[in-house]
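See structure below.
Going by the order they are written in, the chains are A, B and C; count residues from 1 in each one.
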Amino acid sequence: MSMINAAVDGAIAIAERRSGKIGAEFYQGRARTMIERSFFAFKTSSWMVVLSGFVEPVFYLLAFGFGLGGMIGTVSDSNGHAVSYAAYIAPALLATSAMNGAIYDSTWNVFFKMHFGKLYQTVLATSMGVLDVAMGEIGWALLRGFTYAIGFMIVMTPLGLIPSWWGILAIPGAVLIAFGFASIGMGITSYLKSFQGMNWVNFFMLPMFLFSGTFYPLTIYPDWLRITIEALPLWQAIQLERALTLGTLDAGTALHVLYFAVMIAGGLWFTTRRLNALFLK
Amino acid sequence: MIVAKDLKKVFGDFTAVNGINFEVKKGEAFGLLGPNGAGKSTTMRMIAATSLRTSGELSILGKDPNHNGPEIRAHLGVVPQQDNHDNELKVWENLYIYGRYFGLGRKFLKNKIVELLDFAQLQEKRDVKVDALSGGMKRRLTIARGLVNEPEILMLDEPTTGLDPQARHILWDRLFRLKEQGVTLVITTHYMDEAEQLCDRLIVMDKGQIMAEGAPAELIKKYSSKEVLEVRFGSTKNAEAAEQIKNLGDRIEPLPDRILVYAEDGEKVLEQIHKMGLQPQTSLVRRSSLEDVFLRLTGRTLVD
Amino acid sequence: MSVYTEPKMTWQGATKIVNLRKALTAGPWFVAEYRLRNMSKWWTAILAFGLGNPVLYLLSVGIGIGALVNKSQAHGVDGVPYLTFLAPALLATSAIQAAMDETSFPTMQGFMWDKSFFAMNATQLTGRVIVGGIMIASAARCIFNTLIYALVLWAFGAVAPASIPVLVASAILAGLGFAAIMLMTVSFIKQDDGFFAIVGRFIIAPMFMFSGTFYPITNLPIYLQWIGWVSPVWHATDIGRALSYGHAVTPGLMVIHYSYLLLMLVVGMTVGGRQFAKRLAA
C-alpha cells in the first residue's frame, strides 16, 4: 500500500509543480514520456517496416534519376549552371520523403492510435496534457525523419549528388520540413472519421508531390499556377534542400526557413486546440 | 437434428475437443457449459459447419458438415461470440446484406427487416451506422441477423454477454418464442441462471470432454445437495476455519474468498458452526445451482 | 430492450424461404453486391481518384517531365512523343491500382479487422465463393476506372481511338491478375504489422518504377530489368505499346505477355480460394 501512496504523491507533486505555470492545463513538460513509449513500441516492430521508409526515396532516385536521367541529360539550377538530372531531383526527393514520413506518422499512425488503439484516451486519462501528446508524437516522427535523412545522404554523397559542403545542412533542413508537416498533420487527422477519409489526405498530397517541381522546373507552368505552387509547403521544402545540396543559397533560402518556422508554430497551436476539443470536452 | 459421435478437433498439437458424444432433438434448447477454453466454441463452430472436424461423426439436419457445409449453413442461424458487423454500413443494411447472402428476395427482406428490428428493439436505430451503436445494441443486432433466414437451428455463442439484466430477460422471452415455433436452439453461456432458464438439456464441458449431461434440475440433483451454505471468515482465516468444519454437511468446498458447505439443510449447518465457537463474518444459505455442479465437476468456478 | 413489447414475427422456416439452388450457385454475386454497396458509399472518392489520378499524372509526368525529355530527344522515345509512349503504362498502372484497392485492404479487413468473411462464411457462402465475389467487385471497379482513364488519355490525344478497346482489355487483365495475386498473398497474412508498408514499398513501388513505365526498360542495367519481367506492369505496358503505336513486340513475346497475366489471375484465384476456405474452416 505504501508503494501506491508514494506513487500517487509523486504524480500529484509533479502535477502541482506545473500548476500555475502558463499552459499547465495542456502541457506538463513530459512529451519525453510519449517518445519513450514510441521507442518501446518501435523495439518490437518489424525492422522491415523501418527499412522500407528509407528505401523508398532511394528507389525513386534510381528509377527517375538514372532511368529517366539518361534521356534528359542536364537541367539548369537557380544560378543557371547545368547539373545532372539525378543531382537535380535528389534534394527534392529528400524533401519529399521528409514530408511523406512526417505526414505518414502524423496521419495514418495517429489515426490508428485514435480510433483503434484508443491510445490517446488512455494517456490523457493520466496527468499528461494534450501538448505533451502532440509534442511527443511529433518528436518521435522527427527522430525517425532525422535518421532517414542521414541514410539518404549516405547514399547520395558517394554518387556525387551533393556538390556543396552546405549539403550537410540538408539533414537539419529535412527535420525542419518534417516538423512543419507533422505539426499540422496531426490536427487534420483529428477531423477524419474513416479510412476512406484518410484517402483525401493522399488526394491533396499527390498533386503537391507531382507538381511542386520535384521532377522538373516550374518554368513550364503559366504564372498563376507557378505562383500557387510556390506558396505550397512542398515547393518551399524542395527549394530549401536544393539550395543546400547544390550550394546555391540566397536570401530566398532564409525565407523558406521562416516559412517553416511559421508553419510549425501555427500547426502546433492548431493541433493542440483540436486535441483539446476532442479529448477533454 | 444434431448427432455427434466421438467428435474430435485437433489444432496442431492442441486437442480442443476430445471425442464427445451428444444428440440434439428438434425444437430442443440445448446448452453447452464450460469455462473458457473448454472447447465450447470449437464445438459450436463444428456444428455451424464452419470448422472441419478432425475425426468422429457429426450429422446436422441429416447431413455431414465436412461435405455439405453450405447446404447446412443455408438453414442455420449463427450468433458468434464476437459481433462481426460491417461497421461502415447502417443497421438495416447489415441485416439486408446478410439476408442477400442467402439469396433472399429484396421484397421479402424489406418486410423481414421491419420485424427483426422490432424483435431487437432497434427500430429507431435503423439508419444509424453500426459503429455508433452501444455494445448491447450490437449484440441484439447480431441476434436479429441470425434470424434473417428463419433458421431451423439457431446457434448462440454467449448471446447475452454485454446485455443488461432487463435486456437479458427480454431476450430469453424471445428465445422461448422461437422454441415454440419449433426452432432448435444451441446455446453456450457463462451464466448459470441463463442455462437453467433456457436449456432443456445441457452438457458440461471441460478440457474438450463432456463431464456431465442432462436437464438442469437432474444435474443439480445428481451432483449437488439441496442447499448450500456460504460462509466467509476473512481472507486470512478461511483456510483454518475450513479445516475445522470439514466434516460438516455432505462435503465442503473451500474457495479463496469463502467456504461452501453442501448440505440438505443449510441453516442447521450454520447453527453447528456457531456451536463450535466459530463466528463467520458473513453467511448465506441458498439453493444449489448449476454453478455448484460446475464447481464439483471441474474444480473451477465458471469465470476463471 | 428497455420496455417490453410483443414482437410480431412471421415464420415459415429456412427450408421454405431459402432457395437452396440459387443460394448455392449465385453466391459470388451476393458477395459482389455487398462489396459494391460498400463502394457506393465512397463513390465520390472513387470517382475523384479514378479521374483525378490520371489527369494529375498526365499533366505532371506526361507533360512536365515530357517537356524535358522531348527537349533532349529529338525523335521522342521509342520513336513517338513522350506522352504517347507513357500513356499505355499509365493506363495499366491505374487499372492495377483500382483492382488492387479492392483486394488488399478489404481482404485484411474481412479476415482481421471486422471479420466480415467469418460472418459470410456462417451462411452457405464458402471461401471460394467469397473470392469469386471479391474479384467480381474488383473487376467492376477496374473496368469503370480504366474506361474513364482511357477517355482522359484520348482527350489529351495520347492514344488513338481505335486502339482504346484492346488497350482497355489488356489493362484490365493486368489489373485483375495483380489483384488476384494480392488477394492470395493477403489471405495468408496473420499479422498486419506493417504488411502493406513493406509490400507497398519493397514490391509494388519497384514494380511501377522499374518496369519500363516512365522510360524504356532497356535504359536500366540488365541486373535491374528482371524486376520488369516479373511485374504485370511491364507485360501489360508492352502489350499496350504494341497496340497503341506499333511498338515492336514479337508474336511469341505477345503470347508470353498474355499468358503471364492470365496465369497470375488463375493462380491467385485458385490458391487464394483454397487458402480462404482453409482459413475460414480453421
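As a convention for this text, a residue touches a chain if its C-beta (ideal position, glycine included) is under 8 Å from a C-beta of that chain, and two chains touch if they have at least 3 such contacts.
Nothing here was measured: the structure is a model prediction, and the numbers come from that model.
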{"item": "Closest chain to global C-alpha mean, per-chain Cα centroids", "value": "C"}
{"item": "Farthest-lying chain, centroid of Cα atoms versus that of subunit A", "value": "B"}
{"item": "Computed distance of Cα centres, subunit C from subunit A, in Å", "value": "31"}
{"item": "Between subunit B and subunit C, centroid-to-centroid distance (C-alpha), Å", "value": "44"}
{"item": "Centroid spacing, where centroids are CA-atom means, of subunit A and subunit B in whole angstrom", "value": "52"}
{"item": "Set of subunit B residues in contact with two or more other chains", "value": "88"}
{"item": "Multi-partner residues of subunit C (at least 2 other chains)", "value": "41"}
{"item": "Subunit C residues touching subunit A - in the complex, by the definition given at the top", "value": "41-42, 45, 48-49, 52-53, 56-57, 59-61, 63-65, 67-69, 72-73, 77, 105, 193-194, 197-198, 200-202, 205-206, 209-210, 214-215, 219-220, 224"}
{"item": "Touching residues on subunit C, where the partner in the complex is subunit B", "value": "1-2, 4-5, 7-20, 22-24, 26-27, 30-31, 33-34, 37-38, 41, 114-116, 118-126, 280-282"}
{"item": "List of subunit A residues in touch with subunit C within their complex", "value": "45-46, 48-49, 52-53, 55-56, 59-60, 62-64, 66-68, 70-73, 75, 85, 195-196, 199-200, 203, 206-207, 210-211, 215-216, 220"}
{"item": "Contact footprint of subunit C on subunit B as seen in their complex", "value": "11, 48, 50-52, 69-71, 73-76, 78, 80, 82, 84-89, 93, 97-98, 100-104, 108, 111, 115, 118-121, 136, 140, 149-152, 163, 166-167, 170-171, 173-174, 177, 181-182"}
